[in-house]
């Protein structure tokens, strides 16, 4: 039963399932590197997924949908930035609130815009219709179908991983963002605004989170469904931590979770062992816990992550 | 003044308050009859007695100070609620619904017509919120209360199916068993937190998913009455003796569904409040929550208290499950979306982590839910609006920093002016 | 403690205030039902209401179906009202509330509401109640339980699938040579089980050698998971994917569309979702059955007990083939017709639970 | 001519008036000292100059023209550089990255690390400030970290260099090196402002000095014609005893506390305490002198059971306590005044009463059985508040609302009132003003007088000499030398602190 094709299919499925997690995770990496905890990822993804589907449906153009997803993801994340950076609200609290808000908002807007709750009408053209194989490379055995015969957002995710790594560790702004997360005052004292950097970090995570949502609603599928993110935002947090706050690490962790999920579905299909479905379904979640437990010790969070930063303060 | 007085007044207050809240919470408008206002007036009376006693003991100025203090403590929440309701109204207006009618229905439904539903909704929320709030005090975020809720529900069901002792013994045993299971469910996160530093937000969240998918398995294992079309998606009904008494058993006309779980919730809230602020354990937990380095330097074991906090939190969330099974459903459904765990987070945040505050925010949330249902039923307004209003309330209340920020900014402006003047003269 | 106690005083004050405001509302509300009653007499006009289960509207399944049924009542003088339940505690108040607010008939939708609707019916003896996917009770004359033989629909769908994947795999270029089909489930609940079991039996009835793959997504709203399940089956050579997974199933159909295989919809005719992929749908005509009930209310012929809607009542079965009408060979259509006969005549027993199907198969 | 001048600078914080009508001038190429106690408003003033705070009113004049700094950026661009008391360095980054942070070379968004490294090398050579450009800050000694800070300023072409308490964490040798550097900088045309509360340094390095008190300028003096005593009086506003008077006290012969061959690892799993042994007798103060980061904190943590020892024994009254938990050790009557009072000493949101109770919160008068006894707690707190004269609104005020000195007094009250046999005091006066220092020193000596064995860890040699009966010099996790204050001086101690070997050897 474990044929070569099976392996390849499994790996392709891994990519398919991990892409939204990867995107959300690398977004979270940038955000936390700047010092802001972002557990609002779940909500941001939901918002992104919603607007991507809506715009794609009414414009008939999935690319516009894609932009909408990114745009509204960013807008929503600005709420988080405003609450945490400007209002000095506890990061976790703000994130939790935004997740709740996103659920209510999408449901209400469904009723208003689509006319009924539940799921939006299928979009005419989905991004999956733009799948394309990169000539030569896609012929490479296993690697080819995994990385070089994919759909747009998947390709984007690959590019973004590299881009973000380069951005964080090779550019000036990247250096500033990292400093904002490690020792904000040091950054402020050489004349770079910590507020700006943190807003930037949250904003980036919002855009990528929106993209992750868009992937769910207009690339992997063709319509928005309430609560379709289904906890992926939180798995992304786990991926970020297990990945040691590094884009590449986060990507690998996300791959791992995607792999676990792909595997459990196939176990079900094969009925390899006769267990209740639920046992298979929980498999990835259990693995997540194990992974976090195993890897977290090696990974060190940015020193100042989750801490508030205020300039005007009197001594003592 | 002399102690006998004060204790006597205390007794009066407690009695009035107890009777009052029983009447109030058990009240129903379905059968026309009402204990509701009686309950409220009794509680108000109790509060009055309290204030009298307080004045006799500490004098008038102290009383005024107290009133001022408590006013300050409620002004932010109340402001937040009012503003949120206004925003929600505007939203409804611009999206073509009648806010006045909607809100009238909301409050009428939540506070009068379906008050008993508000109470039913509140009970489990209070338990899960207590769980989250308690963990907060130790600096932990028990985001996975939902999972512990499922564990508690399963444990309560299992025990209640087979434990045939007289209720007075049996119910407490079930109560404890459920609590223990919930606590056990948090052993892993606690252990990982202490040993590897794995963040509880992730571990408890993941385990919540696990628990949710375990419940159907459990239900099928204890699968119920083939006569119903539900079979086997609900367990057998639990034994009579394990059901929490409902108010109707000692109050005629009380709604037969309103059970004493809410009183249990309030008692537990008071116990938790006592535990946190009046006992050594609470002291250590709060110390760890506020500054674990200092706590450690004074010989308070951080790991031990993380365990305590997470396990107690797990037990509290599990009690919500106990409350639903033994109080309301008397069996465990394959519940597609209980959500008490998630909503408990909002309730806890809204109460600022104060166990007693949780009782009120829990009732508020339950009221909004029940009222929201009534609203959408009678005015055909989508109940999602209630979710949004809730979200805004939460944001405005937890972001009380908004108000402090504003006031600080205001002060600074004033000071600038004054000092500028001063400098000008100099 | 002090703080919170005085907080209590203030909160109560607030409550009390609101109440005063509500008293007036109370009377208004009270007046309403009476009015409705009177109107109920002459040239029929009444209120038909429903309460969804926690799934809520937009499930593209029984909740939506029931609502459509209510709307069909408008021509015969019914005003449709709907309330979406948020949690189990809402069921009873919503149902009896709708009754008290003057509904002539109230539908409870979804098996989770069984107990609630029976309670509500007993509390409001002069209002009619209907329960979708809920068994009736002879004790309660004003309550009609409405069950569907989803397994029949599933069976016929399975029959088509079984034949197509095996004998007629060359009828469409979207079919492959290996005799494998798949079924994606949302969560494992009663109607879903009946669909699955019926489908499996249908497939085996058509051709015992066909393998039926099955997987559960664990959610009715996670399209990505539905898609993945269906892809995994397609990888195993499945060329027809049936789903009983509500919104999750949309993902399954999407997967079939992308991978160039065929799919079978559920509950309602889902051909519109992907006309080039959905050959037919195992339907459950909730709207029609609700229409029947509403009519009986108008005629005053409403009766309690359990009403099981199946092929005989034209409430179950498979939808038309749309563009695939030409693709599906006559033999298959005949087989369907024949099986239908056998089912109607009772000669063909269809399993309703996994336990039964296992016995049946070996 | 005056390169920098402030006119009527006023800085008002929500709570305090930190600067009140400050007028000062800085001449080109001079070394100016700003002398004042902690909280006198020195740092605030400098942060105003540096554009970190906006002045409530008043103006800054640079090269004869009025300037307004909206952010440090402007200040930097106008040639101001600042070395903060708490270094503004990102530990996880390299020296190079820290130096170029905010003014990175390279066109476009990308950093040109090659050039950066080159520039850093040149710079450090030009000013004789040797430091490895690729080292990570977390692996550098404090002295080197300070060099990086200075290089940071020079890299930005600072014409005016502000140093905030630059010597606080340095050994005498390092101080002299620093002064040498400062002089060379001055000679190369940089004007320098040094903020300090140490009179010797003012005498040693400054050309001119301003004295600040309670946010106002108390006076300006040419170094040539001012005495230490005068400066002290100006600074504190009253005449001060510069060294606490310490009457001789005979220590008991039998040691109360002993450490034998102790080995402890630090967070990086490196051996921080290396086969260390020492004894403390009842009624003596043993001073542990050493440069920060030579294992003092690890030693302290090991003694308190906050960090496991890999080997060795810790004896209290002759019996081994190494295996005991922190709580058990506290119950054995060890008291500990931690170095970082806000992080390890207090739970800031807790009330003074609670902070005094913590640690002994499990016994009378703080609790009865499992239940806390707030009445008892407050009663005890009130007594200690008066006997240690802690300035607080009352026992129920949050510790966070107290000044640094009073916070430290709360800790002393807590630890000293538990009449310990052994007392571990770690940098008890860090960042406190003269008044508080005097008081705390006298309290420590009072404990000594009560035959308590006191172990004093301090980075301030003044303090070591003021209090110790014996001085143990700690270097790289070992006691490299034992000295008696009477027979040695700061120079010798400093020599061993920096790894110097016995001349005879």
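Order of writing sets the labels: A, B, C and D. Residues in every chain begin at 1.
As a convention for this text, a residue touches a chain if its C-beta (ideal position, glycine included) is under 8 Å from a C-beta of that chain, and two chains touch if they have at least 3 such contacts.
Values in this document were obtained by computation on a predicted structure and should not be read as measured data.
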{"item": "Farthest chain relative to chain B (centres taken as mean CA coordinates)", "value": "D"}
{"item": "Selected pair, greater C-beta contact count between A-D and B-C", "value": "B-C"}
{"item": "Inter-centroid spacing, chain C versus chain B (mean Cα positions, whole Å)", "value": "35"}
{"item": "Whole-Å gap separating chain A and chain D, where each centre is the average of the chain's CA atoms", "value": "44"}
{"item": "Euclidean distance of C-alpha centroids - chain A vs chain B, Å", "value": "32"}
{"item": "Chain centre separation (chain B, chain D; CA means) in Å", "value": "47"}
{"item": "Residues of chain C engaged with two or more neighbouring chains", "value": "84, 188, 218"}
{"item": "Numbers and ranges of chain A residues touching at least 2 other chains", "value": "117, 278, 281"}
{"item": "Shared-contact residues (touching 2 or more other chains) in chain B", "value": "213, 216"}
{"item": "All chain pairs that touch each other", "value": "A-B, A-C, A-D, B-C, B-D"}
{"item": "Chain B-touching residues of chain A, taken from the complex the two chains share", "value": "39, 83, 87-90, 92-94, 96-97, 100-101, 103-105, 107-108, 111-112, 117, 231, 234-235, 237-238, 241, 276, 278-279, 281-282, 285-286, 288-289, 292-294, 296-297"}
{"item": "Residues of chain D defined as touching chain A within the complex", "value": "13-16, 18, 39, 43-44, 50-53, 71-76, 82, 84, 88-93, 97-98, 101-104, 106, 109-111, 152, 156, 403-404"}
{"item": "Complex interface listing, chain C residues touching chain A", "value": "56-60, 64, 84, 182, 185, 188, 213-219, 221-225, 227-229, 231-233, 235-236, 247, 250-251, 254, 258, 273-274"}
{"item": "Chain D partner contacts - residues on chain A that touch it in the complex", "value": "170-173, 175-176, 178-179, 182-183, 185-193, 303, 311-316"}
{"item": "In the complex with chain B, residue positions of chain D that touch it", "value": "8, 10, 12, 14, 17, 21, 56-58, 304, 306, 325-331, 336, 338, 343-350, 354, 358-359, 361-362, 367, 370-372"}
